[in-house]
Structures are given as structure tokens and as C-alpha cells.
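Should a chain be cited, it is by its letter among A, B, C and D, assigned in written order, with residues numbered from 1 in that chain.
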């Protein structure tokens, strides 16, 4: 049995419609992301599914066998079926890890888990991004130097409209003058969630050694920690006796 | 102009269908909640609206003039129109305070803001509840002794499936043997959210002096702190010059 | 090499001066705690040291080889040498896990890590305590039912003067009417910290199956996650060129 | 009576020993900070005290009449008397606000409240700093545009070794390529704490309009919210009767 079962979800729309994207990612961004995870997580079973498949590839059966799901989407956010979002949401709360990548900040699933708009400012100018490690001892920063650079990236700028992150792993510096909380951790129910900023579709970000390492680290970190059988149970029988009020002698 | 504009939202279903509830709250639970807030927040403009009104009483105009909204619902959670939930959600993120009462833990708006199931265990046995103050200096505990009791309440028991609260104000002890995080604070966007546990419809909880004081304190605490003009802005012009990559001499 | 190196620190004062304590813990409380951890963490190297040893048993060498330290103290809090506290503090920030037990809430090391008084209310009346699981999927609650009972314990009551816990695992219900946040998690630097309430010296709490399981789970959870080479470095050479102010053309 | 009583603490060492500092701050940095607060907080009573005074100016009487304390120190951190640090610590936990400025990150009081090393990386090169607002609706960002610049500042770079901030208000971009969490909020006991990064002694930072506005906003935000009479009380008499174990019939 694999040590970890990872599903890489790819929206796979830009790759079909934009030759520039296809030239960077001839097999799709999801393919590059999966290859990167496999490089660092030997023994993990990493599979890809895409938006275009029935149930967007995220059937009950698939999700039941997924320990960690990664999510890259952009164009088709609103076309992702609510029933599939419900399913992913339920699985995260049960304990499945979720790694949300780049433009996935506006996905239905991320917004639902955060409860906020998840908005941010942006610019596509091919500028340099430098990601600084805020917490060098964090498992997600393992093997990463005190910072690393991406020569060309889209800029995302603060304010990032999310609940206060429980842990910060990366903050980005942009050549054009902005900053962004680029690597943030949250827990919801039993699930661990990591948002990782880089990954504009026209740049070879998911071929970058450091980016691959971070995503693999995050997948490893997000593995299920336990199981919470969520329920709303009517506990009819009290453990302690409940006195009739007329028998009570209040002592205060 | 009033110092604070408060809207008390009442589901007002039990009051119409259950004589026991009507006998405790002849003018509706929302009426009792509003009276309690007025007692402690002199100068506040406190109005009530109900589920049965057009837009459930929560029109754009009403919400635009609401600083803090309180929410008691139970039977009709699923019948609250999504468009109204969207509207309330947007206003909370902009800065409107939200006080969620008792069975409101399963309301659409609370679940959306939390991103979790918000489930809990429960029992209706008329047992004694004692609420302990965890943070005696918190504004929501102002004027409250180190604990207070409600002679008859529904029991809510852990686990309460919410994100880790940012502040704990109350934890409940139940006669039947359970405990519950009864007074919890979160921030989402610019809005402050307080969940307050007590308030089963068949008990005169909203006539209780301490409960009224806590709700009034919470309304005061949740008043808007500022305004966040949420947007996703394309910052086309960088502040700093962006060099062409061929010009760069990396220095590391 | 052992999978995990655990040091159980025992104050070992009550055991020497109080026959009642000695009758429950003939080999000292630290011995019982260590036995309990070994039961559940097969392969771990679990050793005990006590206050009475040179450096209270916590030499640089010992700490350098400790992955997780457990701490039970009470009478001798103020006699623990500051230099040893400094040493433990440094190791926690580097990544060593720390499990603080019962009256250890007033230890120098816990107060230093929390930054608050860590005070609470208390009563010794041999009353029943019931610990409820707030987060059934948490690794520290693994193998624990929805609650468990201790027939006789000292009572600790809210308010517990600590920073808001990052995770709640247990809340206690006391027969005498109080509640307490009995199992709380924090991170400081690279170290994970867990406070676990039960363990009054005159009761056989550390012989209890559930208590042993929780402590072993906590030790496992607190294992080092990474290494942070803390430093305050003067980065003399900037990565990006710094322009002379007279050359700047501000673009805003 | 003033609406708010503010004490500005100045180390006042650089000003005495360094002509460059004296030329920027002829009356001391504390004077400039106090003037800035008065500009924006009309009605507040703002007074300055310095390290050189008896008790460093922080007598019991002074602190008892201080609602918010600001702290700038650098050279003399280790010479601040522990008894004075104890006093300030106690007052923060009781509810006094604390604004820690720039090199104050290494002050005894800040390290004690955080429980961590509070280390960071740094460079003095007179570079440009741009502070971005992460939370535009936060009271501390009131009146501040989406970012503001300081033409010359010392650089502070991540990692900043503090517990995860409860709220982020500012993140800095540095010309030389680094980033820093420049405006962070925490609560400890009843006290609100804000760390604000800018303020190297050789630059006229505390004459800057935006910096003054932020500090004044922070002072206003940090005003005491309530009073927590911290104690460790032996509650001898239980509220509920405690049964003898032999009488118990456990119902589970």
C-alpha cells in the first residue's frame, strides 16, 4: 500500500486554449505538479484528475482514497459543480489535506473553507518574486534556503482577504514593489490546509526545484492526522443525574 | 443619530406554532432579545425583523444601516434565501458585527463564516447550566460575576465543530455532565463574530439578567471597527521599475 | 537508535516528604509517568531525571539528546535554577517538545513560554473529573473515547491565565461545579507545547489508562518538526541594488 | 480627566552619545514620539519618561496611571532593572496597552511577553522601506493609504522569531530585497500589544506623518478593555455537592 495517496486536481482549461501555456506545460500543469510531488515523496501514489472528467474526476470513491488533494484552478471556478465542492469540503473536514495553489485562492472550495472573499491585488508583468522563509523549522520549508527566487511571476499583493493564518511559512517580495503572504496554514475540522501563491500558467513555475520541494513538503505535512466522525448527536441519557428543580438547594 | 444601530433577527417560527414558547415569549423571542439590549445599551437604536418579512427583513437598505446583527434561528435554517445570506455575509466582511445565538450555530450564515459543520451534541432535559468566565477582563464579560447559572436549559456538548476560537469568554458546565465552549469570538474580514450558546425556546433565558447583559456587551464589542473596501484590483503600474531579465545581474 | 528520546522530569519532593504520595507512587511520580509512556510508545527511549540531580538532571548533554521533555513540578518551582530554565527554553524554541503536567502550570519554564501568569483557581476535595474531547480527530486524543473520568482529582477552575490556545483537545467538567481547559496546544519557536491538567500527587492519576495514553500521544505529537538555527544576522550585502536617494524617481 | 493617559518611554542613550541622532532628534526620540501621538489623539495626556530617571521613570505610581505605554530601547536593554520589567509585565497583563517600537523587539519586556527570542535579520544601509496594509479595516491602519514609504530605514528581515501574530496590519518591502511583518498584534492577559517596526535612530522616522498616525492609532487601539483581578484562589466550598465515591452509581 502506498504511504500516501495524493490526487492532483487540474482545471486544464488554459492548457487547451492557450498555446503559450501548452508550450510550457505540454502535458498540463497537473502533470508537472504530479511529477514534482513524486520526485520528493518516494512511495506516494500520486494521480491526476481534471475538471473535464465526470464529477470533475472527484467522485466519492476517488476522494475516499485521497489523503491529500492539490487544487489549481482559475477560469472555471464558477463551473465547478456545487455537489463536488460539498464532497471535497466534507472530506477536508474529515481529515483530508488540501493544498491550494495560486489562482485557486478564488476557488469555491477555498472560499468556503475560509469564510471570506479571499481577494487580493494582482499584476501580470513577468516580474521577479522572492519568497522568504518566515519559519525555517517548519516542515513545509524543509530543504529550502532562507529564500528562493522565481525570475518571472504574476504579482499578488496585500491585502489578502483571509482569516489570520495559524502559521506563516513564506512571504513574497515582488520586484514591482509589493509583498504577499505566500505560504499560509490553517486547520478546519480535521483537515490541514496550505495555500501556496506561485504558479501563473504562462511561467514554468511548477518545473522549479524549490516550488516542487515546497509542494511536496506541504503534501507530506497535510497528511490526515486523525478521523473525526462528525455528527450532531442527541445524548438522551445524561451521565450525571439531573435533579428536579424543586429538589435543588443552591449553595451559592 | 443613535450611537449604534442594532438589528435583532428572529426566526419567529416556534412562537407561531408552539404554545409553550408563546407563553414564555408572548411577543416573540426577538422582542425579548431587543428589550434586553435596550436595557444595557442606552442610546442604541434596536429594531427587530423576522424571517416572515420580505427578504426576511434583511434588505440591502436595512443591512446598510445595521452596525450589529443578532441571529436566532432553528427550524427554518434551510429556508433562509441564499441571496439574503450572501448579503449578510458581505456586510459582516465589510465590518458589521454578528451575534449568533444558540441554535443559530446551524444557520447558513454561521456555517459559511466558519467554513466548518458547526455541529455539536445536545439534550433537552431542562437541566442546570453554569457559564464560567474564562477571561474576566473581556468587554463581553463586563458586569458578570465569575460565573452565572441558568436553572433550565438545553444541553450543548463538545465537540463543537468550529475553527479554534480567537478568544474564549465563557465555558459551560452542565448538570448532566457535559461541557461546552459557550462564548467564542472570531474575526472574519472586518467583522467581529460572537457565538453565545444559551437560548432554548421553551425556557425564559432571554429574560435572564446575565444573559441580557452578555448579549448587550457582545453587541457593543462587535460594533464596526473600520471599513475594508474589498476588491480584486489589477495594479497595472508597478511602483518600482521592473527590469528585463536579460539586464539582471543576480548578486547571490 | 530509538525512534524518540523522551526525558521525564520529576520534581520528586512530595514523594520524599509525604507518605501518602509515596504509597501511591513508591518509585516516584516520574517513574509512573515514564512507565506509561513506554507502554504506548514502543521503541521510544524514555528516561527519568529529577530536581535533586546536578543541574536538576537537565545538563546541556541531556537536553541535546532529548526530543520531548515532560515536566511535573510543584513545591520547588522557585528553586529551579534560572540557568537550567534558560537551557530548556532554548531547546524548546529549537524544536524540543514540552509536555507540562498539572501543577507544572506555575513552573518557570511554562510561565516563560506563555508570557502570562498561568494562574487558575483550585480545590482539593477528591472530586470526580470528566475530561471531554473537543477535537476527536486530534492525534493527542487518539484511542480516547468521547470522554473519560478520573474518580478523584484536585479541581482546577477557569479563568486559566494563558494566551489563547492554538488547539483545544480536552475540557474538564468537575463534580463540584467548575470547568477547565485541560488539554491545550501552543507552538513557540519550533517547539510544540502541550499542557495537560490532571495529576494531583495524592491520587493515582498517572496509573490511569486514559491519562497514560494521552501523555504518550502528546509526547508523540510534540516530537521535533524541524530545526530553526535562531540568530540575529547582519545581512550586510543586499540582494537587490540600493539606489542613492538622489537617483530615485518615485513613480507614485 | 484626560480621555487616555499615555506614557512614552525613551531609552535616551543614542541621543546623548551620537551627534547624528541628536541632530535628528534634538529633544530625544521620546519627545518626537510624544508630539506625534498628541497630534492625532487630542485630549490624551501624553508624557515622557526615560531610562535615566529613578526606576527608569516607571514607578508603581506612574504605571498605575498609564493606560498605554510605548517603548523604544536598544543599547540599554540589558540594563533595564528586572524589577521594573516585572512591574510593566504585571500592568500589561492587567490591561495596560503596550506599543513596542523598532529595536524594542529585543527589550526584556517584549521577549518576556512573547516567550520567544524575538530575533530577526538586519542591515543598516539607508534603504527605502514600503509598508503595506494587510488589513485596511483595522483601527491601526485608519487614515493610512494602501501603503506608505520611508525613504531611508534600517532593514529588518524575516524570520521574525515571535509567536504567530493574532492580527497582521503591516508587512514591509525593502529595497534591498527583504520582507518583514512590520505591524503585528497580540493579546496577553488583558493587555493589547502592538509591535511596529520602523524607527532607526539616525533617520527622521518619528517625524513622518504616516508613522505618527500609525503609532497614535495603535495607542488608541491598545487602550485597556477591562480589568482582570489575577489571582490563584482556593475555592474551598464547591457549588455542587461532592459525593463520596462509595455512594456513586455511575450511569455509563
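We take it that a residue touches a chain if its C-beta (ideal position, glycine included) is under 8 Å from a C-beta of that chain, and two chains touch if they have at least 3 such contacts.
Because the structure is predicted, anything quoted here is derived from the model rather than measured.
J.: Suppose chain centres are the mean of their C-alpha atoms. Which chain sits farthest from chain B?
T.: C
J.: With over half of the numbers shared counting as same, classify the chain B/chain C interface as same or different.
T.: Counting shared over all numbers used gives more than one half: same.
J.: Look at the interfaces A-D and B-D and say which one is made up of more C-beta pairs in contact.
T.: The comparison resolves to A-D.
J.: Go ahead and note the Å separation of the Cα centroids belonging to chain B and chain D.
T.: Spacing between the chain centres: roughly 31 Å.
J.: Report the inter-chain centroid distance for chain A and chain D in whole angstrom, where each centroid is the mean of the CA atoms.
T.: From the centre of chain A to the centre of chain D is 34 Å.
J.: Among all residues of chain A, which ones touch two or more of the remaining chains?
T.: 130, 135-136, 157, 159, 164, 166-167, 177-178, 187, 189, 228, 238-240
J.: What residues on chain C touch chain A, complex-wise?
T.: 94-95, 130, 135-139, 141-142, 147, 166-167, 187, 189-190, 225-229, 239
J.: Can you name the residues of chain C that touch chain B in the complex?
T.: 130, 132-136, 157-160, 164-168, 171-174, 177-179, 181, 237-241, 251-252
J.: If you look only at chain C, which of its residues touch chain D in the complex?
T.: Within the complex, chain C touches chain D at residues 93, 106, 112-117, 119-123, 125-128, 149, 151-152, 155, 157, 159, 161, 163-164, 166, 175-178, 186-189, 228, 230-236, 238-240, 242-243, 245, 248, 250, 252.
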